[in-house]
Structure formats: structure tokens, C-alpha cells
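Presented below are the structures under discussion, each in the form of C-alpha cells.
Look for chain A in each of the two complexes below; its partner is chain B in the first and chain C in the second.
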Partner chain A sequence: MRISMARTLQIVVTILTCAFLLVPTLQSVLAGVTVNYFRGLSSGLTFQWISQVWDLYMDSIFLSIWLAITCLVCTLLIGVPAAYGLARRPGWASRVLEEFVSLPLAVPGLALALALLQLYGSMRGFRTSWTFILAGHVLYTLPFMIRSVLAVLSSMDLKTLEEGAASLGASPWQRFRDVVIPNAMPGILAGSLTVVTLSIGEFNLTWMLHTPYLKTLPVGLADSYASMRLEIASAYTLVFFIIIVPLLMAMQWASQRAQRIGK
Partner chain B sequence: MTLTLRSGSKTYPDGTVALTPTDLHVKPGEIISLLGPPGCGKTTLLRLVAGLERPDKGSEIWFGEDNVTHLPVEKRKVGMVFQSYALFPNMSVRRNIGYGLKMQKLPVEEIDRRVAEVLALCQLEPYADRSVTALSGGQRQRVALARAFAPRPRILLLDEPLSALDAALRDRLRDELAGLLRTFGITAIFVTHDQDEAMAIADRVVVMSHGRIVQTGTPEELYRNPNSPFVASFVGQAMEIDGRIEGNRLVTPAGETLCLPRSGIGSTVFVRAEDVRITDDGPLSARVESVTFLGTHYRVGLAGIASRTIFALYAGKSAPAVASTVRITIDPATLMLLSAKDEMK
Partner chain C sequence: MSSRVFVQLCFVPMFVFVLAFLALPLVRLVMSSGESPAGWAIYWQILATPRYLNSLLQTVGVSFAVTLAALAISTTTGLFLARNRFAGRGLVLSVLTLPLAFPGVVIGFLIILLGGRQGLFSQLTSGNVVFAYSMFGLFLGYLYFSIPRVLLTVMAATEKLDPSLEEAARSLGAGPTRVIIDVILPGLAPSLVAAGAIAFATAMGAFGTAFTLATNIDVLPMVIYTEFTLSANIAMASALSVALGIVTWLLLVIARTFTGHTAAAGGG
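Up next, the complex of A and B:
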């Protein structure tokens, strides 16, 4: 069997692209577990850098996870009812509102952070608490949740489904719980994973909002790059991967599942 | 339960008057059909009764002794079958049917028992645990009916329940639906724009046009005694014979004379296809324009009687040839003299 020219080219390009992405990553990961990066692998493998990262930045890791969870709760509480409201009343007002809510997507995180600082910077208690960063994250991730849920809700005949439930005696809350939420689940799931991943990885905005006592994972990463030896920074990257990769995989899985249900 | 609608009317926010003040009375156990052309307000009337639409001021809706005008839909205890069925895709057939019972907070055993009962009645047992997305159109239609009926509503409201099905299936399900509704013995209102459907299912047909009820009656009454040209042509496709009316006679556009049952001054004359007879010695002559074979009979299009084509149903063994001339007899007793004044709105 002969492989055609085009196909060979395809494979080569694919491999090269993968290598381009993977080699630096692997190098960085390796650096995180070698005793001395400048002497290379011959210096031996070690977990000491990882444990040092853990000691130095444990707080950042927990803060990031905590932020991601609370951010998810907030976007769920605000985003799902908001998407529901938008889906129930289609029209120009809803479109305008949707675009408005989506603005943080277009505005750079820095500008958003600046606006937050100008507005709330003088409120010391708020400014120095983790909830300040949370506010930024919620602002930034909310459109993803709303859009994801809205897409699913608009693809079904929500009004008639609800009328059906109402005619069977369901109160507005029961309709929301029994019909709207379960049918919006694929969108909620996909939205949730996007929100968590974005929140954990967010740097721009968080870097502007953070205080020395409140460093998230990516901010800590920048900090370690700037001030620690290379092995520690690399070990940090490794830790970051361990946290973010399973999330990304779960996200992929969920969105595939959502597509299957949508059919 | 008796349903009484007193001057029920509906104006949509954009100013569309979908229903002008209308009175309707439905006796317990009666099956009523709302029949009319698209956009005449059938769905609006049904939704007013269901409580899915808020009526204009001055409207009153009574369920028996209860004034339900201001009751929201979830408190009215109505069963609703939607055109699109609106089955919950997140629930199995069984849970769809049980949903209304669950909302009534019945004990689980009671729910299971009654769902099983309805499943058997609607012959849905083999599909009970399937997802509703894995059903055929006809099966979905039955699930929708079963779901609406299971909580024992005071009235069953069906909005074109058969229109989402293809023609062949529709004919079969029409009789099935008629049978089920009789078995339920429930008061029901049934919207359709198909007169055969209305005739087959309803005890009484309400014909609507432009947001008004034009005539109410049993299928036979509407067919035999339509009160307006609109009802005559909508129910049973009566055809107009135009021409000059001179007392008891009508002079057709071709100059031939047709006897009328009474003085026809100020009326329009209508005839149905089965009353136009092709005979050898008829007083009218016509030219055969088209012949369609319909199995039990032929449908023959005739020119020369009125300005428009008049159709005749012909039961003979072989039809007259196209373009040939035939003689026509119309019994004066079968002619319908209708005043066009009722049409004015």
C-alpha cells in the first residue's frame, strides 16, 4: 500500500505541530523533576522541587480551587436564572442585555480590573479580601455560563414545555426545577466546566486585583518565574498541569455528552 | 363539568383582536370541536379556557359553579394536549404520564396504579419505560393524551392533536382518538381546521371565522342547515350557483332556468356535489371539464352551470368523457338559499 503525497504531508505537519506544542512543555516538566537543570538529566530525578512548590504556594493552590468553586456557585446562581429569563423573553431588549453581559469577553481583563479598582479600590475591607478577586472572576466568567445555558434553552420549545407542565398543575418553581433545569443540564454542565477552568487559569485580571497575601495559582506561577530558581518554576508548571488537565478532559467529555443529548 | 364562557374576548398586546366577545356553553361529557380556517382564533379560545392566555376585561369563564377567570392555569385542573405534544424529553413515558399526579402530591402507590391504568387504556404498556424521544409520532400523540388525562382533569383541551402526523396515520388515529375520548367520558374541546376530523370526533361543532363563532350545531345540522355561505362552503364544500334570481327561479349565466324551493330574493344559492345528478333528461346542460376516479365514485367537474366549476359525484360504472356535454338534474329541495348578510363583519 502506498501512502499518497498529500497524506504524508498531512502527517508530517501534524507531527510537527504537536512537537512544537509538546516539546517545550515536556522540557519544562522535566526541568521540574531534575536535580539541576543546567547539568541536565544526568544530575538525577527528584521530587524536592515539587514539594518545595507545595510548601511555598500551597495557599495559592487552595485559594485558586476555592475561588473556582465559589465562582462556579455564583455564576450558577446568577447565570442559569439569567439565561432562563433571556430565553423566555426573546426580543431586542434581551439581545441587548445578552450583548451587554458578554462585554467582559471583548474588554481586556486589565481594563475590567482597572474599572473594579477605581470603583471599589477605596473600600479597604473589600479590596483586600478574596471576594474582590471573586467579583472579577464572576464578571469575567458569567457570559460563558449564560451563553452556554442560553444556547441549550433556545434550541428547545421552552414556552410550550412549561405550559405543558403548568397545565398539569406545576407551580412556576416546580416547572423551573422539573423541566427547565433538567433539560438545560448539558448547557449547565458545559458552562460549569468552562467557568472552573477559566477561573483557575485566569491571570490578567487576577494579577491586577491580587494582594501579596492573595495569590492565585497563575499569579503564583508568575511570581515563581520571576523570583525562584528555574526548577521550582518548572515544578510549579507541573503542579498546574496536574490540576488543569483533568479539568480540560472532563470539559471535553461533558461537551461531547451534551452534543449527544442535544441530537 | 359544564363550561361556560361569557363574552370571552382576547386582544393581543400588539392590538390583534383574536377573539371578539364570544359565548360558549359546553355540557358535561360533551365533546366539542372548534372548526375554522387558520388564524380565526381557535387556539386563542382554547388557551383562554385553559388559562394560558389572560382574557380581556369583561370576560368570564365558569367551570361548573366556579368562576375560574382569574385562576392561573396550574390551578384550573385542565388537561391540555398541545399541537407539538410538549412531552418532557428528560422523562420516560411513565414519568411523563405520572407528572400531573405527582403535582397533586398523591402517594407513590396511587400514582403507580393510576399510571398503569392509563397506560393500559392507551395501549402504551410496551413503551412505558422508554424515553419519549424514542417514540413514533402516533405513540407520542397517545402519550400526550394519556398525560393530559391521567390527573382526571375537569376538561380536556386538545389543540390540533393530529396535525403533526402524516395523512395516512391521521385517518387511523382520528377514529382511535374519537374512541378514547368516548371511553374517558370526559368533557373535551378539540381544535381543528379539518372538517372531517371535527365531524368524526365531535358531538357538536363550533364553526369560527375571524374571531367569531359563526354557527354551532351537531355535524348533521351544520351540514344540512348551514346558516351562512361561509359555513356551507367550509363544512362539506357547498358550491355557489350564481345567476339572476327571479322569484322562485334562478336564471343561470348560460340562460337556463333552475327551480328554487322558495323565493330566492336577496339570497345566494348553494348546492353540494352529491346533489348534482347527471341524468339523461335533466333540464340543465353542462360540459365535462375533468373526471377524477375516487374508487366508489367519480368526481366530475362541470362547466356551464355557474361561473365557476360545479362538481358532481357520479356513481355509474363509467364516467362521461371529458369535453362531452351532459344533462344535469338538481332537486330544488337540496338547494340551500343563504343570505350573505350574515357574512358581514
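Up next, the complex of A and C:
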């Protein structure tokens, strides 16, 4: 069979793109477990860099995990009721509100951080606490939670479901708890995984909001890239990959599942 | 409690949060951009001062180049992956989409591993090829995080195309290249414009990659950062942020009018 020009080009570009994305990632993984990166693999494999990263940056890893969990709780408490409200009251006011909440998707994190710093920078207690970074993370991830839940809620016949429950005597709260939340579950799951993944990887906002005593994982990464030897920076990146890659794969799986239900 | 009141109560947490951490801070940002001696003319100063104008042009230039490159690469790859089934396709797809969650700083580091002073190309050429800290390095970094986003849009759009149109073209004697140019690309056009706008907006606002690559690159987010932290020129940092925010927001509004649903820039 003759392979056409177009097809050959497609295959070559696909292979080159894969190489471009994969090669530096593999380099970083290898450098993180090699005794001396410049002498190459012949210098031997080691876990000493990873254990050094653990000693140096353990706090930042735990801070990031803690921030991701608290950020998830906040976006659930704020986002799920909001998505329900938006689904129940479609109209121009809801559209404007949704558009405004979604601004952090469009406006660069740096600009949002400057805005937060100028308004709250003088409130020392808040400025230097971890809750200040949390506010930034919730701001950035909330639109993802709202959209994910809203997409599932708008695709089903919420009104009929609720009327059925109401005719059996369920109060608004009972209907929300026993009808809306179980039906919105695929969207809530996809939204939750997105929120956690994004929170752990967030840098642009966090770099501006953090203090020397409160470094998150990506802030620590930037720190190690600037001041540590290549092996430690790579080992730290490897630790980051180990945390983020399974989360990302779970997120993609859950989002596809929610989309299928949403159709 | 009536159903109406309950639904209204559902908005309360979001309302309070958005007011405190989005609306008021943004108002403060706009206000402080006008607090320098120049007043609101500061927005004119952005265009009149060579340093800011150059950085603006450089940022637009590199973002535009990245957008074109990402569209070309991702469309070629996306069409191939959407229309062919082969062993290892899932793996290729994972490799191409995993960088979605990499923060800009990590991507900057990966570019340093490729083209830095101790990078792969430098080792292969005994120190002759070092590009990580230049505009080209920045271009590659932006390309790295743009490819997965554009690719996913292209593949989703390809799956929605009507295959009978391609069959009709083939039955009329069109070769594979003609089918792509005359049938597939026009069908994909709205999605390509949308994906391009997203890639452009993301590149305009990207901070982490430029921050890691550092030296000599004056893209807009880096200028905002140095104005704010080193020069303490808060009014100018705010004005540049407001201008940048409006541009990226408008681009995403354009993207949405082409596809009908909102996409996220973010990251970088």
C-alpha cells in the first residue's frame, strides 16, 4: 500500500511532538535518581537525592496537600450549591454571575494576585497566614467546580425529579441532599479531581501570595531550580510527577465519564 | 422554608466569596492603577514608554508565533490520532496530554534540561547549542503547554465532523491531501480559531515559564512582576495587569462565540 505524503507528514510530526514532550520529562526523572547527572548513568543509580528532597521540602509537600484538601472543601461548599442555584434559575442574571465567577479562568493569576495583595496586604494576620493562599486557590479553582457540576445538572430534568420528590413531601433541603447531590455526583467527582490537581500545581498566584514560611510544592520547585544542584531539582520534580500524574489521569477519566452522562 | 428561598440561599456562599476575593480586589486594582502622579494617563504611558511598548510587542509576537506553531502541530497530530487506530495509540495520547497539569515553572525546567547550559543539546554539541534562556527557549516552553490544550480541542472537533462528507469527496476522486484541505480543515475552522485564541491568551499571561528561564526576557508578566516587587511601581504594575487581563478576557470571549462553550486559559 502506498503511503501518502500527508500521512507520512502526520506520522513524522506526531513522533517528533511526542519526543519533544517526553524526552525532557524522562531526562528529569533520570537526573533525579542518578548519582552524577553529568557523568551519566554510569555513575550509578541512587535514592539519595529523593531523600534529600524529603528532608528539605517535606513541609512544602504537606502544605500543598493540606491546601488542596481545604481548597476542595471550600469549592464543594461554595460551588455545589451555586451550581444548583444557577441550574434552577437560568436567565441573564445567572449568565452574568457565571461569567463573573469565571473571570479567574481568563485573567492571569499574576493580575489576580496583585489585586488580592493590594486589598489585603495591610491585614498582617491574614496576609501571613495560609488562609491567604487558600483564598487565591479557591478563587482560581471555583469556576472549574461550578462548571463541572452545572454541566451535569443542566443536562438532566431537574424540575421533574424535584417535583416528584416534593409531591412525596420532601423539603427543599431533603430534595437537595437526596435527589440533586446523588444525581450530580459524576460532575462533583470530576470537579473535585480538577480542583485538587490544579491546586497542587498552582504557581502564578501562589508565588505572589506566599511568605518565606509558607512555601507550597511548586514554590519550592521554583526555589530548587534557582538554588539547588540539578539532581535535587530533578528529584523534586520527580516527586511532583509522582503526585500529579495519577491525579491527572483520574481527572481525565472522571471528566470523560461526566461528559458522557452530560450528553 | 419555601423552595424559592432555598435556591436563593444557595447563592449566598458564592456571593460572599466572589465579592470579597474577586470583585473588591479587582476594583482596588483598577483604582491603584490611577494613583500615580500621571493619573489615568498611565494607560497612555504604556504605549508611549519604549520599555513597556517593546515588552508588549514582544509578548504579542511570541504568543502569536506559539499559537501558529501549536495549531499547525496539534492539527496534524490530532487528525492522525482521531482517524487512526493502532497499537500504543492510548499511550501516545497520554504522552501528548499529560503536560496539561504541569505548572509553568516545571515546563521552564524541562526546557532548561533540553537547551540549558547543562542541557541535552549542549551535551550533544559540547556546549555549542544553548537556547533555553533566549526568546526561542521561551517559545518552546509556551509551545510545550499549548500543544496538549489545542490537541484536545482539535480531536474533539474532528470526532464531531460528518464522515460522509469525506466519503463523498473521496468518491468524487479527491486524494487524502485534498480531502484534508477542502473538507476537514474548513469543518474544523471554528474550533481552530477558538483553540488559537485560548493558546494566545494563555501565552500572553504565562508567568511561571518565563520566571524559571529568567534572563533577558521582558515578556509582559515578567515586567509586571519586576515593576511590583523590585521597582515598587505599583500603579504601573496594576495598569499593566488591568490591560493584560482585559486582553486575555476578550480573547476568551471571542473563543467562546466560535465554539459556544467557555474554555479556560490558566496555567503557564
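Here is the rule we go by: the second predicted complex is superposed on the first by the 245 of 263 C-alpha atoms of A that agree within 3 Å, B and C clash if a C-alpha of one lies under 4 Å from a C-alpha of the other, contacts with A are read in each partner's own complex, and residues count from 1 in each chain.
Please note the rule applied: a residue touches a chain if its C-beta (ideal position, glycine included) is under 8 Å from a C-beta of that chain, and two chains touch if they have at least 3 such contacts.
This structure is a prediction, so every number in the text was calculated from the model and none was measured.
The partner that reaches more residues of chain A, of the two candidates chain B and chain C, is C. Shared-chain residue A:T25: touches chain C; no touch with chain B. By the touch criterion stated above, A:I232 is placed in contact with neither chain B nor chain C. Contacts of A:L158 after superposition: neither chain B nor chain C is touched.
By the touch criterion stated above, A:V138 is placed in contact with chain C alone, chain B being left untouched. Of the two partner chains, both chain B and chain C are touched by A:S171.
When the two structures are aligned on the shared chain, A:L77 is found in touch with chain C, with no touch to chain B.
Once the two complexes are laid over each other on the shared chain, residue contacts for A:L63 go to neither chain B nor chain C. In the superposition on chain A, the residues of chain A contacted by chain B and by chain C overlap at 166, 171. Those residues of chain A that touch chain C in the shared complex are 4-7, 9-11, 13-14, 17-18, 20-25, 27-28, 31, 37-38, 77-79, 81-82, 84-85, 88-89, 97, 100-112, 114-116, 118-120, 135, 138-140, 142-144, 146-147, 162, 166, 171-173, 176, 197-198, 201-204, 207, 218, 221-222, 225, 230, 233-234, 237, 240, 244-245, 247-249, 251-252. The touching residues of chain A, when paired with chain B in their complex, are 156-157, 160-161, 163-171, 174, 178-179, 182-183, 185. In the complex of the two chains, the chain B residues touching chain A come out as 50, 52, 72-75, 77-80, 82, 84, 86-90, 99-100, 103-104, 147-148, 151. Against chain A, in their complex, chain C makes its touches with residues 1-3, 5-11, 13-14, 17-18, 21-26, 28-29, 32, 73, 76-77, 79-81, 92, 94-106, 108-114, 118, 120, 140, 143-144, 147-148, 175-177, 180, 201, 204-208, 211-212, 221, 224-225, 228, 234, 237-238, 241-242, 244-245, 248-249, 251-252, 262-268.
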